[in-house]
Each structure stands twice: as structure tokens, then as C-alpha cells.
Amino acid sequence: MCTAATYKTKDFYFGRTLDYEFSYGDEVVVAPRRFPFHFRYMGMTESHYAIIGMAYVAGGCPLFYDAINEKGLGMAGLNFVGNADYKEPVSGKDNVAQFEFIPWILSQCASVQEARALIERLNITNTPFSAELPVAELHWIIADRDGAITVESMKDGIRIYDNPVGVMTNNPPFEKQMFNLNNYRHVSSKTPQNTFGGGLPLDTYSRGMGGMGLPGDLSSQSRFVRVAFTKMNSVSGESEAESVSQFFHILGSVDQQRGCCDVGEKEYEITLYTSCCNTDKGIYYYTTYENHQITAVDMHREDLDGRELVRYPLVLGEQINWQN
Amino acid sequence: MCTAATYKTKDFYFGRTLDYEFSYGDEVVVAPRRFPFHFRYMGMTESHYAIIGMAYVAGGCPLFYDAINEKGLGMAGLNFVGNADYKEPVSGKDNVAQFEFIPWILSQCASVQEARALIERLNITNTPFSAELPVAELHWIIADRDGAITVESMKDGIRIYDNPVGVMTNNPPFEKQMFNLNNYRHVSSKTPQNTFGGGLPLDTYSRGMGGMGLPGDLSSQSRFVRVAFTKMNSVSGESEAESVSQFFHILGSVDQQRGCCDVGEKEYEITLYTSCCNTDKGIYYYTTYENHQITAVDMHREDLDGRELVRYPLVLGEQINWQN
Amino acid sequence: MCTAATYKTKDFYFGRTLDYEFSYGDEVVVAPRRFPFHFRYMGMTESHYAIIGMAYVAGGCPLFYDAINEKGLGMAGLNFVGNADYKEPVSGKDNVAQFEFIPWILSQCASVQEARALIERLNITNTPFSAELPVAELHWIIADRDGAITVESMKDGIRIYDNPVGVMTNNPPFEKQMFNLNNYRHVSSKTPQNTFGGGLPLDTYSRGMGGMGLPGDLSSQSRFVRVAFTKMNSVSGESEAESVSQFFHILGSVDQQRGCCDVGEKEYEITLYTSCCNTDKGIYYYTTYENHQITAVDMHREDLDGRELVRYPLVLGEQINWQN
Amino acid sequence: MCTAATYKTKDFYFGRTLDYEFSYGDEVVVAPRRFPFHFRYMGMTESHYAIIGMAYVAGGCPLFYDAINEKGLGMAGLNFVGNADYKEPVSGKDNVAQFEFIPWILSQCASVQEARALIERLNITNTPFSAELPVAELHWIIADRDGAITVESMKDGIRIYDNPVGVMTNNPPFEKQMFNLNNYRHVSSKTPQNTFGGGLPLDTYSRGMGGMGLPGDLSSQSRFVRVAFTKMNSVSGESEAESVSQFFHILGSVDQQRGCCDVGEKEYEITLYTSCCNTDKGIYYYTTYENHQITAVDMHREDLDGRELVRYPLVLGEQINWQN
């Protein structure tokens, strides 16, 4: 379905894959400070933090999949089918429709700490955006350079988890995902010692045997383990190019190849796009399934005091660099 | 270490990853038909099939890691440390030094069948290229659109295996790799039936659970399984762009991320480059660890009747496409 | 640590392994109907259902590990270290000390349904039996021929779970154990189809390959999966001998062999005893680590209207049957 | 199918499981020194080492599954279907029919070293015992207190392998089984260190987590790994009772429970019997699927200078020890 990750070198990077069998038509969107967000129950914002992210724009309104704001806060919604539960509006709470949650946070909060405070008052409502767009079942990761949290609205209410690993996928709920990592405690980026027993001489016939036990399939629990391991062991230079490159390698570890996840009717879930945001510089980098080159949009090259959305359709086909 | 794969849509594609902790300085090299190959024991070629491939050029001589020729035959050498065994020259055999094996085949053979015939007479010698360059321990995959073989020179001689899966990695020897695939017979790109027993209702909480059991680490046996599964289940359009894109996704399933394979002394094995050759069109596509964009060299844009090597240094840094 | 299981043929069977590095000195104990249970907060029972089970008898009081009563209800306590949480006594609840929970239920309840009703009013207290005996951290399985439940007293209170698989081990909490079974949905007692992909011919080189993916270690989550699979697929005759034999084979699948679970200081957790109760006939069968023969005590051969405990020290050494 | 193991404390123990869906009617058989073995091509023995083992006796001839001789040498034949290849008789070799191989070795050899010398001259023939009994496809383990070998007759001839782990199962060939153990190098009887990476705190929620990665299914490659681990880590006292008890626990780790290996037509492969021979004392211990008690036959209680087979039908039903 999807995988999100964070990575810190000199700057802080935040991104995700979006895995599905078709695209709604996604665009990189900049919502400048005076672009009006009309919240269903919470009124309209006059001015807010500028936001850049990936969105489906419906009737002039950006429905963000993932985004960052100019203060360095990032947020992404990932599928959470069967576990997500949103409520009717209630009094005494901040009622925010599920599809408004990302702009609600990113327009107002400069940090995870501020987001956390806002979420304490929150009721995520099951209000659909329109009759045509069913309410997606999502959970969220919110991160800045100092940490990350996961937010899940389930039958028994909203839970906010510290997310020490800085990654997220889909089902099961976050607490189970983190528990499951315990089963991979012994996995290592180094060649393991021979501890089989009895002095039996066993061979390291390959490099990379320390990772044995890591799951290689595309299910959401296995992707969680694999991306956690990859992120936790990542090594790169601190330059922008090296950091961004490494980030795409981290999410590449959970790339969904067309054909490997058959969802029936000759349809296949694939990694439609992969994003990497430099949250310090306000740059949105992305690749798509059919375009390995990294494309970028820099929010600071736009007029961030504007009122209009700035929209960049995705570059979708392979951009091949011919040397001759 | 390395992974090779083949893929057929309308055209036939052949490529590999090269995984190591440092590069010798690789280039895409075209050896036109009249470039002279001086074989140590087998004389010099006056004229031969044109070749394009990745090589380290030493003293004017291309030491190919992988290449294709103008007839559509591809060949790659992959690490086979501890199992490869090369011999002293013997009379009555075609004595070919290990480092000459790729040009020996690609300069003369238009198909796997012709290569197989030539290998029947072969003795791969342990002759070093020079005092500075130790003899690499390799085994080889040779493929055309009709099939693939694996060639291993071990203590008990040269073995030629049909390679029905069209992929190869490193240790253990090919026969063991193929046997090991039997353990993954039940793995599927589809959601599995519930066969646990006793009518216990068990949930498919995620898409992609059919792949459960696939190994996720970077060891050579695990990469073999993973790339075999990915290749065998691959689905793509037949156009050049779609085929090439899918090929890089196939090899992306065994990408080695920096940090995950620690070889000591703060060095890490990474996927230095990934290649994809269209064997029908003579195009060499590649990406490098630090450049996600696909770069290409087309052999037919060179003078293939020439005598001189044509050399293209790799494009190494991220080529980012700025949309604003 | 421990594993519990249930099995139904003509009669209903309930039992467990107790895994630890030393024994407190266990005995098969029959508590007849008029044996007085003095509960710390709930008074004394004048008369109750007769009980047979495994217990450490301290100061004349049987501290049961597992037991059944004459009505066919079985109950066992298994280690739940780090997750169990017991409380101070509170008013308005049935305050029952952790060590009293088994007799509290088995003395009064004829069925799981009755036990469930009693547990709704329950507060499990952290009252120690004595200064010498620390409060064990346990959770419980309660079963009759119609079903099983798991009872866990954790920080947020007591939870009662339907237990459709009829097995239990230790950590993690039951909900996570059940969720984890989803990951083994595809496992089967039958030879799997070849679904690897691409028509690659893969061999079934062995019988039993349908079980591939089942974990083979002694951790509590792996034992849960293995014993669940074994129980759910068990086939046996319906006679007493065949049923009992099969039951010991089921729990044999999670036998802890001395040496395989090293707990330090040259101590090893082993399966100290394995029990199997015919809940219909009131028979307690057991084996010990050093005695493979099944030993039995039949509660109905005792005076069940008595006031005194009947105690049978375990037969501990191998009872070998010499044929010559 | 079957598993063999060895174990050394003060004495040396050798045994096996025989797994199948039905029994031919097995007996513990003592062949005293003057019992005549009529070999098809090698004449008759006048006098030989006395042998005790499990056999199907056909027309007065013991067809041994496994046996030891009075000199302390043990030998067992295990299924090797699809890989075993026996030959026509040839001149210049010791032609021994497959079904004669165990008595051929045990009647003449006092040690593995002597057996090895004899096997150098051997040709195992495909001669059937009779029209009714097809030639079983087997490979063999031969062991004494100083070591073990595995003998496989395949298409390319007889191979003798040192067997440093002292266990054997069925397919694949021994060399592949030993290679596969390398993949379990990191497995341990101890709690593993947390090496996942990035300082992520991961919990050891259970004892026994060092064994994670061990396979839990009943296929022959998985049983090989599991019994190897169990044997290599076994700890027991040195007394006869403790050693024998531990041996049955070792082979218990690969017990096949009825129902878990479905071979079709409502038939299930189960562990028909498990044996443990004290090769120093000449005692044959066994359990059967339906009898957990250990039964024993001591060859030295028979007249070993006799000419007649001594036969003990197996004790098949549960021998329950009633304490009341």
C-alpha cells in the first residue's frame, strides 16, 4: 500500500511511497500562506504556513497525500483499511474531516510538539469530501527533525504514538508493528558470529548474511521491518545530493514492482510515486514508477505570500539521458 | 555482490547490478568490429562482432564486467569467490584467460547455442591480466532472447547449466541456487488461500501477503530468490520505455543500500551501478548509486566498423529535473 | 515458558507444558468437595466442585498450575511476565488473589460461561501467598468442551478473549498472538501448489513442505504458532488411548529440550512436565522431562466427598519397559 | 520421512525416527554371530559380529532399517527418493544389494574407519529382495563414538561424506543439507544481542528468542536444521537414564504428529517409531507413535553365539502407569 520514512543528515528529510493500482491524477502543489483553507467545521484560515505536497486537487481544493510546511514539519496519510474509524462531529472538540487533517496540522503547527497539542483536542470526522469521493481510511505520520509521531483514529478513539523508528506502513496498528520489530532484534548489517552450537564450522558464503531473517515480501508488516532496518542502518554523506539519493534508496527497499502484488482483474499494486522532502529547504523531490529520474519542486521559488495554488503535474515518463 | 537478470517483452533485455564497496573506475565502452582483441593464448582477432558493455579499461584493453554484442547475445561475470577455480593452460583446449572470457564469446558467438559449442572446447586459465590486477573469481551468465546458461569453472571442471529462470547472483553454485528455489514454490503474487487448518478464520490484513516467506536480506542466496520471484511475476507494457523501466524495477528488488551490508572498516557494499541492455537495439542503459536517472549509450550511433574503443565515463551525480 | 492446549475427540482434553529451569516440587493433587478453600478476601468454601490438578502444596494449600474440576472445566495459568498487572483490593468487586484464581473458578463454575460471568465481577489482587513466594505474573486459559477463553489482567484492567484456537503460550498478549497467526494463513498440512510464477518447474523434494514458514524456535510466539498448527490439523482415533497419545504429540511439538534455551549460569529452561486431562473422566495424565511414560491419576478413584487433599508426588525417572 | 541422530555422553547413542503412513510390521531383531547372512553376490557368512536392530523380517531374513553391532558401530538407512541410484552388478567390485548393505557392514566392521574401507570397494546393486518388495531408495548414516559418515549412491557413483553434525534426514543430498546449515549460523540457544541498528530499543519479550529463524515444518531439510540445532546444543547428565531421555528429546524435536503431514487419501505420515541404541552396551530402546513409554531390548541378554534370529514384536499401545 504505502511506506513513509524519515532521514536526518545535515537537513531533515521526510517522504513516502504511494502504492496502488491506479492514480487519481496527482500533482505537486504549493499552497501559499494566503491560500484559503475552508474547513467544514472549523472556519476558514486567513493566513497560515505555506505548504508543499502531493495532492489530488478536487474543485480547487488540494487533498494532500503528504506534505511539508515552511517550518519544517512533515505529514503523510497512509492506508489503514479496516482499522481506521472516524466519528460524527461532537461539541467541545476540534472537528476536522479526515481529508482536512493534513492542512489542519501543517497550516498551524511548526513542530511535532505543536501538532501533538492540537491533536489532543481533535475529533477526526467521517465527513466525505464529496459524494464521489469515499472517505479514505488512513493513519498518519507527523515528523520534524526532532522526532516523529503516529496518529491513529480507531474505534476507541485517537491514539498518538511516539515513533522512534521514523517509518510507517499500513496495517496492523502501529503498536503491533513496533512489537513485531522485536522479532528482528538479532538482525544485523554485519556478518554474524557463528553461534549455532557444538563448534560446528559454518561458512559465511556471502556478504550480507547478517540481514538473514528480514522478510522480502510486499505486505505492510514486512515492508515496515525492511524499511526500518534500511533506515536504521543507512549511511550517507551529508550533502543535499547524497542525502536525497540515500533517501530514495531507503524507500527503494520497499518498492512494489508491477506484477508482484496481484490484486485481481489483471491489476497490480505498484509504487506510483516516491517522494522525499527536504523539510529545511522546502523542496519536494519525487520519482514515479515510470520515471526513475528525480524531479524537484522548490517551494521557495514560488510567491509564498500568494493566494493561489501553484500546481505541477507529475513528470511521468522515463527521462533518459543519452550520452551519444 | 551482484545480481544479473534477463527480461523479454518485444525486445530482449539483459543486465546486472554490480555491488561492491568501491569502483575501479568503470566506463561504458564500445568495441567496434575491428578493435583488435589480443588473446594471450588464442591469437588476435582481425574482425569480430561489435560489443558494448561496462568495463574497466586497463592499458587500452577493456576488462568487461558485462556486455552485449550486435547479434543480441549478452554476457556478465559475477563474483563467485571460494568456488571459482581456473586452470593452467593445457594443450588441446581453447585456453582463454578468465579476464578474456567475455570478449572471447561475444566477439564470435551470435547465440547461446554458439557460445555453448565454444565453451565445450574451453579451458579458463588463471592467467592474471597484470601483476597489479589479481584474478577475479567469477562465474557467468550468457543469454539471448531464446534462453540463458550459467557457466561455472570449478575444481572438477567447467559446468554449463541451463538457466530457466534467467537470473544469477553469487554463491552458492548455481545448482544449489536452483534447488533452493523449491523452498519458495508456495510463494505467490496473489493473496493465498487460508489453509492453516481447522477452519480457523485468519485475516488478510494487507495486500501482498502471497509473497510471505520471501527473504529480504542482501545475501546472494536471498537475492537470487527475490529477483527470481520479481522477474517471474513481472508485468509491463512492451514499449521500450516501459520495458526498460520495468527492468530497473526488477533489479531494484535487490538494490544494496549503503549501510545495510557492512564489510568492516566503515566500508559498505552498495549497488555501484545497475545496467539494462536492449540486446536487439544495442543500447546500454545504466543507473549509478548516486544517480537515479537512467543514462544510455547506443552502439549504433558509433562507427561499428572502427578500430578504436569508444569510451563514455559514467554520469555519477544525481541529475535532478527541476520543475521550477 | 509454557504452552497450553485443548483437544476434542469423543471426550475433551485439556493440558499444558510447564517450562522452567527448576521445579518447586510439583504434585498431582485432588481437592475433594469438602476440602476448605480459605480465600483471603472472599471467605471460606464449605463445599465445592472437586478438583484435580498439578500444584505446589504450600502449608497445606494447593497452589495450582493447572487443574480441572469434576464438571469438565479446565484452567491453567501460564507465565505472562512484564504484561500481567494485578491490583490492590477494591470494594464492589470480588477480590481474588492471583494464586487463588484457579480454585476460585474451578470450585464454583461448571462451564466457561459460568466462569465468564464470575470474572466480570473480578478484581485480581497482587496479594502474595507468603513473604517467601513472590506474586507470579500469569495469564489464564479456561476451557470446556464447548470453547475456551483467555483471561489477562493488565494495566488497563481484565480482558476476556474468546480463544478460537484453544491454545495459549506466554507473551505477547493474546490479541497479538492471534493477530500473528494471520501471517501463517498460507501454511498447510498438504503439499502446496507451485505458485512461484512464470511456469518455473519447482520440485517437491520432500513430504511436509506445506508447513514451510512455520517457526521452529522455542520463543513464546513461535510456540503459539506451532502448537496452533499442530492442534488444528491433528487427526486421531476417538478412543481414550488414541486421544491421550495424540494430545501428548500435540504438546510434544513445543517440547523444550535441555540446552536449546540457555537462560545463563548453565541453566536451561526445559519442559518440566506435560499434562493432559480428560475433563469428562476426571483423569490427570502427565509425563516429565525425565520420564517419557505417561502416568495417570483418576480423581474418581478417590473419595471426592472428603475434606483432605490427596497428593501424588510425580514419578520422575524413566520407567523403561524391558522386553528381555 | 525419517531422521537419524547420534549423541555422546559417557556412552555413545545412535538412533532414528521412521516416519511413514503405515508400518510393514517391524520387530526388534537380534542376529547372533552364527546367524547365516546369505548375500546375493558375496556368499555366506559363517560367523560375524552380532547385530541388534529394527527390521522387517521377510522369509527369515531381517531387512534392517537401523541397527548396531556388538562392536559399537551403528547404521541406518533413510529414504532418499529421487536421488538414490543403484547399479547392475559389476565385476571387480563388492556387489551388495541395497537391502543387504546394513548387514554387510555391521557383520564385518568394528568402526567407521573399517566401514569406509569396505565401501571403497562397494557397488550397491538394484537387486530387489523379492518380486513383492520394490527396491527402497535410501541413503545411509554410519557412526561410532569417534565420528559419522553419510553414504549416498547416486547417478555418478557412491559418495562418502564426513558427517560432522551426526544427524541425517532425507532429500536433498547430504552436501546440500550441510550447505544449508550455513544459513542458520546466527541461530543460538542464548538470547541474542540487539543488533538491529540505530540504537532502537527492542525487547526480549520471551526466553528462547535466540532460536528465531529455525524452521518448524516437517520437510526433510527443515528437520535436518532443527535436529542439528537440538543435538548440537543438547545438555544432559551422563547416566544411562539421562542420556537416553535426552536422546528421545532430541529426536522429539522432529516428531511427526498425525495430521500435520497429509499425504492424501486421508493418510498421514507420522513417526511410527523412534529408536535409541546404546552402542556400547548393545541396548535397543524405542518408542512408538502410540506408546510414549520407552521399551528396551538388551542384546547381551541373548545367546550371541546362536544361529537363530531373536525377534521381539513392538509394544504398540500406550503403557500407562496408574498411580491410583
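A, B, C and D are the chain letters, set down in written order, and residue numbers restart from 1 in every chain.
What we mean here is this: a residue touches a chain if its C-beta (ideal position, glycine included) is under 8 Å from a C-beta of that chain, and two chains touch if they have at least 3 such contacts.
This structure is a prediction, so every number in the text was calculated from the model and none was measured.
Path length between chain C and chain D in the chain contact graph, taken as the least number of steps between touching chains: 1. Across the two candidate interfaces, A-C and B-C, the one carrying more C-beta contacts is B-C. Here the spacing of chain A and chain B, counted between their Cα centres, is 33 Å.
Centres computed as Cα averages put chain B at a distance of 55 Å from chain C.
Centroid to centroid, with C-alpha atoms defining each point, chain A and chain C lie 44 Å apart. Shared interface positions of chain D, i.e. residues touching 2 or more other chains, are given as 172, 179, 183, 187, 189-190, 205, 209-210, 212-213, 221, 229, 233.
In terms of inter-chain touching, the protein chains here all touch one another pairwise. Every residue of chain D that touches chain B in the complex is listed here, in rising order: 172, 176, 179-180, 183, 221.
Of all residues in chain D, those touching chain A in their complex are 164-165, 179, 181-190, 192-198, 200-205, 209-210, 212-213, 228-229, 231-233. The residues of chain C lying in touch with chain D in their complex are 1, 28, 82, 170-172, 187, 189-191, 205-222, 225-226, 229-230, 233-236, 241-242, 244-246, 248-250, 252-253, 255-264, 268-269, 285, 287, 289-298, 301-302, 310, 312, 315, 317-324.
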